[in-house]
């Protein structure tokens, strides 16, 4: 965070410009691959909203991604709903599912929330194969893809790229504005120290449900866009399974705090590296995700601290919790960083 | 005063992560001596004890009975005979009183029969622990838990017993009983004691010497009686 | 201003508060003192609604506080600090103070602007620094600034002198008295530093083992034999 | 009659869930972490058992060797991966997820995609009681779990290391002060958990499940539900919770029309959410100040 504000703004403008120019210089196969990276970046931005602001980890975002993708796909294929309306419906469905999970997340935190979201992630493929008549199960569902508007000079792959890029920029702008708002401050305070935050008027309930819903809405939007840009979804598509959650988490850890560059860089590395590896064998890609994630978390504490995977307080939080006779010893020494020596008084 | 102290702390610095808490503390405890450590909340008393017993990042020099323990593990320090009774007593609430006592001898190699004999000696000193042997320690009263914590520490065969606020949360009569016990242990067995305590008069009453800690540095040290009688000093550093 | 009547609270069989009764007069400095484990912080947590007492009454200017949620207290003009300066490490110094100001805007009550609050507490130079790694004395001033920015009538201070050096304690006392005069505050503080308490408070309440054992002017409390016994054990 | 048959089958499944749930509880009691990879560890143990029988070892000795190897691997993973991560807030949770994916991938890479059966631990055939069939293997699996649980209980209650383990689980800070080697207890806990997982994985094959890389995926979900029901720190709770989940799964999928096996997962999800909301310490756990 050493660079100044204008420098950062210029860097972001250059990044956006580069993103806009990319499809003009690459062959369709590459543009399609980049589109997929942008889709993942949106999903990661969604997860970052939850983890970055509240310090909660969700292992279930693959399910919100899947809900977005399947509601969109099924509405288009089986109900003939126009694509734009289907994307909106898919996005909102993921948001509603997220709000429903936001309610338990008021009380379920940390490891317990991870259990719930893990089981949620494990449930989606099971549900998809149970309703395989509609969803296609493991056989999958072919979804019509976004096509260029009539008379456009853009090719199909370029059109899809720009739609997803537009969505990503809108999402990042929204998160940026939230970050600078009063609500953003309240969210950070809540993530840091709930009791102190409440003492200063922060209302955890609304904020937690809201942020969970917003986070899953964004990730569901990524899923919806995935359906209409890739054109094929199935219950074994890795983003719909727990592997998807791992990809999002890995990208989040790689990317760190920067709002636009973070998800992009994370998504690019998380997508491209295993793709290289999986040319030899697809199982190696999954292994690589897990191994990269573990290695990053163990070896690069600096990159993680920027993610707000903060170190556990080395001296305990204020013991304002009901513990008149605490079982665990809590030193009530506090810190100070003074160094001036003072003469010792000696008596006797 | 004997020439070789039992505990010799020299220029000790300690920190919790980024926060430095102790800035070059030196103190000694001689064999058979009772030393009390006074100071306001947040002065670093607990950190000092935790640094001595190996629970905090520390630099400087700590020698115990001639052995350098600056880098020793907590378990190694306990087995040398430097045993702590932590603040809030640190009993194992879910385990029985009997099991708590057995854990006291964890670092020692001792047969089951010998351990049973030692436990019965402890129970003789603290009869209430015998009555409650099969109960969960969490169900004991504060005073009983303090007795259990001391009893458990004795089973580690301490040469120096370090106590952190033994009076915390106890009624005045119970506090008095705890200090009577400590005095007995000192008188009968010649046990050395290092005590952190809020209750200045009571602890100064059993101590040979005292140190006053403020903001991570020793401000005052001297004979307990002198500190007890110096009203100006008490007002300045002990708040009363 | 604040009335505490017959407040009692037990945790797992330990009676932390027993029939605690006292009053905080508007415009004054009331101190709550007593040995460790006396129940002072528990009392504080009841007033700031983090804990709910088993029985008894708690009222602020005639409003019953027992039914008020903790997050509503700042709107009623109550702000507090914590024993260990509970700042928000992911916000910088200004961000921490702005959290307080956010509340004031919500309550549409006049409060010091953020910049003025920072200046008052000599924090302007540190405004964009992270709160992690600040010296304890500075952290405590940031926390005080956060509380003041919320425009309180009643300021609850939990050990403002804890962990400070001799000189810093004096500074803290002077700062507190100055902001109290300037903003017309009422202060309730929990403190161990008896000298600081005696020199700045108009009224002292002494607790021991969950009970109030003395209540009155500093000079009266100081010579009360029960207080001396609780503190000195003799 | 159908219901009764389903009940019997459910108890058999429940014994497996209980075994894995117990493994999760032991690991949690030692380090305060839920090991999401516990099921995948069990899969790897089962794969190892298959490989060992392929080398001509009898199935019982193969299980013993696999359990010992699992103990070593679990302890090693605790030391190398889990311990360095323990000091930070949410990092361990994400690391557990990473372990899950890695272990699953290792299974696929080493064992391949083709499911293979494992030789039974118990004789074929069984009993028929008034129309209800009970296979010997089902009785054997339940008895095996009972023996394992008894041995484990004796270890924790009677031995010095067991006592030290329980001390660390109750109060890690106080344990350090008492000179108990806390890190070693964490390591032992993860080792025992992995060995329990080996027994669970091999037991599952005795109920007719083939060894393959996804064999434990749904078992993990049911076991997590069992652990939630019983309380994350309660061994008894894990056993009872496992039995409950086995019976619930069997009855729901057997009696409710149109419900396939996979939707049982949704039942687990509902149970987990409801219990965490209403009684987060589980039915058998004691309330405690949050430690997670």
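When the chains are written out, they are named A, B, C and D in that same order, and each has its own residue count from 1.
The criterion applied here is as follows: a residue touches a chain if its C-beta (ideal position, glycine included) is under 8 Å from a C-beta of that chain, and two chains touch if they have at least 3 such contacts.
The chain list, named the UniProt way, goes like this: B, C = ABC transporter ATP-binding protein; D = Branched-chain amino acid ABC transporter permease.
All of these numbers come straight from a predicted model, not from anything done at the bench.
With centres defined by CA atoms alone, the chain at the far end from chain C is D. Looking at B-C and A-D side by side, the one with more C-beta contacts is A-D. Between chain A and chain B, the centres computed from C-alpha atoms are 49 Å apart.
Between the CA-based centres of chain A and chain D the separation comes to 30 Å, rounded to the whole angstrom.
For chain C, the set of residues touching two or more other chains reads 14, 37, 133, 136, 162-165. Counting only residues that touch two or more partner chains, chain A has 310-311, 315, 323-325, 327-329, 332-338.
Shown for chain B are the residues in touch with two or more other chains, namely 18, 41-43, 86, 90-91, 93, 142, 168-169, 215. If you check the complex, the residues on chain D that touch chain B are 160, 163-164, 166-167, 169-171, 173-181, 286.
By the touch criterion given at the top, residues 11, 14, 16, 37, 39, 41-42, 45, 48, 50-51, 70-75, 79-80, 82-91, 95, 98-100, 102-103, 106, 133, 135-137, 146, 150, 162-165 of chain C touch chain A in their complex. Chain contact summary for the complex, chain C toward chain B: residues 14, 35-37, 132-133, 136, 159, 161-166, 168, 192-195, 209, 228-234. Every residue of chain A that touches chain D in the complex is listed here, in rising order: 55-57, 59, 104, 107-112, 114-116, 118-120, 122-123, 126-127, 129-130, 242-243, 245-246, 249, 253, 281, 283-284, 286-287, 289-291, 293-294, 297-298, 301, 304, 309-312, 321, 323, 327-329. The residues of chain B lying in touch with chain D in their complex are 53, 55, 74-75, 77-79, 83-84, 86, 90-95, 99, 102-104, 106-107, 152, 156.
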